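Structures incoming, each one as structure tokens.
Common to both upcoming complexes is chain A, partnered first by chain B, then by chain C.
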Partner chain A sequence: MSALLEVEGLHVDIQTQAGRLEAVRGLDLSVAPGETLSIVGESGSGKSLTALAIMGLLPPGARRKATRLRFEAQDLGALSRRALEDIRGRRLSMIFQDPSSALNPAYSIGSQLTGVYRRHRGGTAAAARDRAVALLERVGITAAAERLGQFPHQLSGGLKQRVMIAMALMCSPALVLADEPTTALDVTIQAQVLRLLRDLQREMQLAIILVTHDLGVVAAVADRVAVMYAGEIVESGSVQEIFGNPQHPYTQGLFACLPKGRAGRHGERLGTIPGLVPSLISPPAGCAFADRCPLVLNECRRAPVPNFRLSPTHAARCLRVAIPSVGEAAYV
Partner chain B sequence: MSELPLIETSGLTRSFPVGGGLRGPKRMLHAVRGVSFRLSRGEILAVVGESGCGKSTLARMVLGLLAPTAGDVQLNGEPIERMKRLQRAAFVQPVFQDPYASLNPQKRIEQIIALPLRLQAKVKRSAIADRVRQMMSLVGLSETLASRMPSELSGGQRQRVAIARALMVSPKVVVCDEPTSALDVSVQAQILNLLQDLREKMSLAYLLISHNIAVVEHLADRVAVMYLGRIVEIGTVEEVLGHPRHPYTQALLASILEPDPAKRLPEIPLGATFPNPLDPPSGCAFHPRCPRATDLCSSDEPEARGLPSRFVACHHADS
Partner chain C sequence: MARYVVQRIGVALLVLLAVSMLSFGLLKLSGDLATSMARDTASAAYVDFLRKEYGLDQPLPIQYLRWLSRALVGDFGNSFFYGRPANQLLAERLPVTMVLGVVGLFIALIFAVPLGVVAAIRPGGILDRLASAIALLGQATPTFWLCFVMIMLFGINLGWLPVSGTSSWLNFVMPGIALAYYGAPAFLRIVRSGMIDALASDYVRTARAYGLRPPTVLFKHALRNVLVPLVSVAAVQFGFMLGGSVVIETIFALHGVGYLAWEAIAQNDYPVVQAIVLTVSAIYVLLTLAADLLNAAIDPRIRLE
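Coming up: the complex of A and B.
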């Protein structure tokens, strides 16, 4: 199947007072129609900037470079601003983490929903309104017609998040980038919103890039997973490969950190990843995880570590994968 | 002889007047309604619930930062309102959620940590400085950070500062309000390990406020589940998380997404509409979302049934 989105050699640099910060460093990824790719990582790993770079919505001071950035056979990097605006909201849309700041407080829900539709599809106000009501109902909002006149401050967080999902889907996009779409929600609501997103995905043949730090969310909805650390994808694979057979010491460390069951009460301690993420202003020449890695080799620090393929879908950026004799990671 | 509980609350209630502008009369928001529990020496009691359930309001009342509208809090058998501020502070100390907001950005780390002890009268400067160094090493902060400012520290280091500060006066109880929610998982693990070590070394009791069930299960001895201002179920971790009896506790546990792709998305038989706390449902506050609700539930508020240490407030609880 041909890819819907292809990204190769993506770099995002941010100009800071201390120098140029290399927030995303040579990232490759692709998304097929209808699939969910989850980008996982901790704060500062570059996962949100990756999503914003694909959307062309980087904040001022951040610069994007890519050798390839193709979406539906168009080069996103070469498009004029106007051509890009024709794609954004129509074929490519985004769900943000915090619906309170992503919705405009000065406009009603209805005008924000119909605005995006009429901008791209034209048509009558009544048609746009029908579409808005239909989608609000689809995302589980009752009394949808009355809600159109309400303003964001009149809605709870869970409702606002549903409104934003509806807005992202107004024009039936091919790809939605969702940045921590359920992090601000309560757990009982989170499962419902994710279920809704998955049902809509099946209905609309929607591809989703889900950016999150929550491994529970990833396990529940992702088809494929990319683990980011210090601006790079350090491991990628199917959700079964990443959870069942993690190969990069950082991925293994993340799993060891998760509290599970009653172990703590019986005196057990959680695994930890010692040390800190390196500064990405002049990042290390070799593996960025080397200083925190329990299995570090001298070679790890010398040169950039290539991505080693473990299966047609599974790859890890770790020398240990290529030198199996070194043994298993020391995480428990 | 039974020891006095470190914290005992009975019928603790707090309401806030809301509104009262041009849009009509003032209304009462009942954030916490009739909450009773005990925290014993060396114990970790977790309070779980979703946003708006009143768990942080409860924490603030136990810390003496907020006066209850009704009911009372006793610390070691003494009513909290009769205690002096410093006496209270020497007994119970807080660790808050956001270590970016809870540390004064204009003070050096050593000044921040020293403050609770400096306020307690008649402690020599040199003794305070010694104690600061001792606490910093106890929580795993390098001494070189003493003269730094909070802005120079990572999130995990800041939370260690907040914990060191809380321990300066050797409190019996630390109230941890979402202590790891603002942190990455790898940092969260370090802080959870630290809380566990400190509990053993200093025989501390924690009131742990959290929405993260995995954290609670890992750390706590007992759990209280709150919904719209009330404790709906309480018991040991084994009882409440292993054999939940209240339909809300069951739904909460079913909603947890485990890091296991074989489990995928759970099906939760639960209405999505969270009630408006200004206009709480009649009878049992949970009934509009509850799969087991009957007419009785919409008319009568269920009493807590069972022992003070293990009860369920539901007309149709599992036995």
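Coming up: the complex of A and C.
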């Protein structure tokens, strides 16, 4: 199947007081129609900037470069501002981490939902309203018609995130980027919202890029996983490959740091691997994980480590993969 | 909402009460009223008579209550100078000042809001620097100087606008511009900083993520959230502008409250001064109340508390 989204060689630089930070360094990914790709990694690894770069919503001071950035056979980098606006919210949409700040406090949720719909689809106010009610009901909001007049501050966090999901789906997009959609919610609500996302995805043949630092979330909804570290994807594969046969010492470390036997259960945050993430203002020449890696070789620090293919779907950016005799990482 | 309104009105009444006490206190501190009413030539017996007649021999709280009950129905006594009721004088002059204030406020907002919005689009950019230069110039130039320049240019050289009096709406153009010039920098600043915050907010990013067009993002999603502070500043600024209109009214011979106040103070015309102080304070308090209520209408978080 041809890919819905193809990203190759994505770089994001961001200007900070301390210098130019290379937050995303040569990232490749692709998403097929209807699949869920989960990007997982510690906070600060560049997940949000990756999502925002795809949307063309980088904050001031940040710059995007990519050798390939195609969505539905269009080059996102070459589109005019207006053409990009026509795609955003209609074919390509986004759900943000904190629904409390992502909804406009001054407008009712009905006004915000119908505003998106009428922007792209036109039509009457009544049609937009019907669509809003239908979607609110679909995301599990009761008394949807009455809720349209309510304002964000009158809703709980879970309800607000459901409204955000409804808003992202108003125009039936092909791909939704969800940046930690459950991080701001209570644990019990998190599971409900995830189940909702998964159900909606099946129903609407939606592709999702789910950004998270929560392995439980990954296990619950993802088809494929990309593990991100210091601005790079260090390992990618199907959920089975990543959970059953992790190859990069960083991925292995993530699982080892979870309480034994509970990996993949919902609500598990990434554990802490000893050591510090290197500064991305002048990133290391070789593997960025070398300083924290129990299996480090001299070669690791010398030059950029290539991505080694383990199966048609599984790849890891680690020299140990190419030298299998050394065996598994000491974490396990 | 009802609770909020009642609460705001209660606060407004308390402020008015405090203002009335202060005003009464100032009147007492300003010396013996009977003596000033009687003028220098009067006999001591006549002064005593006046003192009794006006109840000035009573204990202070009684005097205050009497004074207050009269003030509440607008009775501030006769002007020493004009010999007519102070409230009549005020009622004649108030419309002129209000018209001037409203014209000035309107011009200031028309000018400052769009400028603040474009300045905020690119902080530190050319438009932003231009806007702050204009604001700085507005604050650094004395109002009277601007008035004279306008009078010379539009009034005398070009002859487009009348330079004094209140005979037509044209009389309010130059004073209105002068007053706006005085009031606009505060609006410019609040709109600019509010818009910078709003444009960096998550909800504006959301609006952009859903493909809304820049004018919608700017004017619907961002500017709406700047209205609440703008309305609050406008209420306060309108009060300042009423105060600032003294100079402008004098230059353009607009017979408004500012001009009356200037005359009354110069002539120790206490009843008129009192009437002006209390009325202007009441207007000020009402403006603040109106701003609070307007903000409740604008912001659902206030309205639906």
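In this section, the second predicted complex is superposed on the first by the 318 of 332 C-alpha atoms of A that agree within 3 Å, B and C clash if a C-alpha of one lies under 4 Å from a C-alpha of the other, contacts with A are read in each partner's own complex, and residues count from 1 in each chain.
Definition applied: a residue touches a chain if its C-beta (ideal position, glycine included) is under 8 Å from a C-beta of that chain, and two chains touch if they have at least 3 such contacts.
Keep in mind it's a predicted model, so treat the numbers as computed, not measured.
Novice: Quick one: is A:195 in contact with chain B, with chain C, with both, or with neither? Answer first, second, both or neither.
Specialist: A:195: touches chain B, not chain C.
Novice: Once chain A of both complexes is superposed, is A:248 in touch with chain B (first), chain C (second), both, or neither?
Specialist: In the superposition, A:248 touches no partner, neither chain B nor chain C.
Novice: With both complexes overlaid on chain A, does A:156 touch chain B (first), chain C (second), both or neither?
Specialist: Touch partner of A:156: chain B, not chain C.
Novice: Output check: A:118 vs chain B and chain C. Expected answer is one of first, second, both, neither. What do you get?
Specialist: Neither chain B nor chain C is touched by A:118.
Novice: Of the partners chain B and chain C, which touch A:317 in the superposed model: first, second, both, neither?
Specialist: neither
Novice: Could you say whether A:70 touches chain B, chain C, both of them, or neither, answering first, second, both or neither?
Specialist: neither
Novice: In this superposed model, does chain C or chain B come into contact with more residues of chain A?
Specialist: If we count touched residues of chain A for both partners, the winner is B.
Novice: Quick one: is A:131 in contact with chain B, with chain C, with both, or with neither? Answer first, second, both or neither.
Specialist: neither
Novice: Sort out for me which residues of chain A touch chain B in the complex.
Specialist: Touching chain B: residues 42-43, 140, 142, 156-158, 186-192, 194-195, 198, 213-222, 239-240, 243-244, 253-265, 269-273, 276 of chain A.
Novice: Once bound in the complex, which stretches of chain C touch chain A?
Specialist: Residues of chain C touching chain A: 201-203, 205-213, 216, 220-221, 224-225, 298-301, 304.
Novice: For the complex, give me every residue of chain B touching chain A.
Specialist: 50-51, 154-155, 184-186, 188-190, 192-193, 196, 211, 213-215, 217-221, 237-238, 251-252, 255-261, 263-268, 270, 272-274
Novice: Considering only the defined contacts, which chain A positions touch chain C in the complex?
Specialist: Residue positions touching the partner: 55, 57, 85-90, 93-94, 96, 98, 101-108, 115-116, 119-120, 151, 153-154, 164, 167-168, 170.
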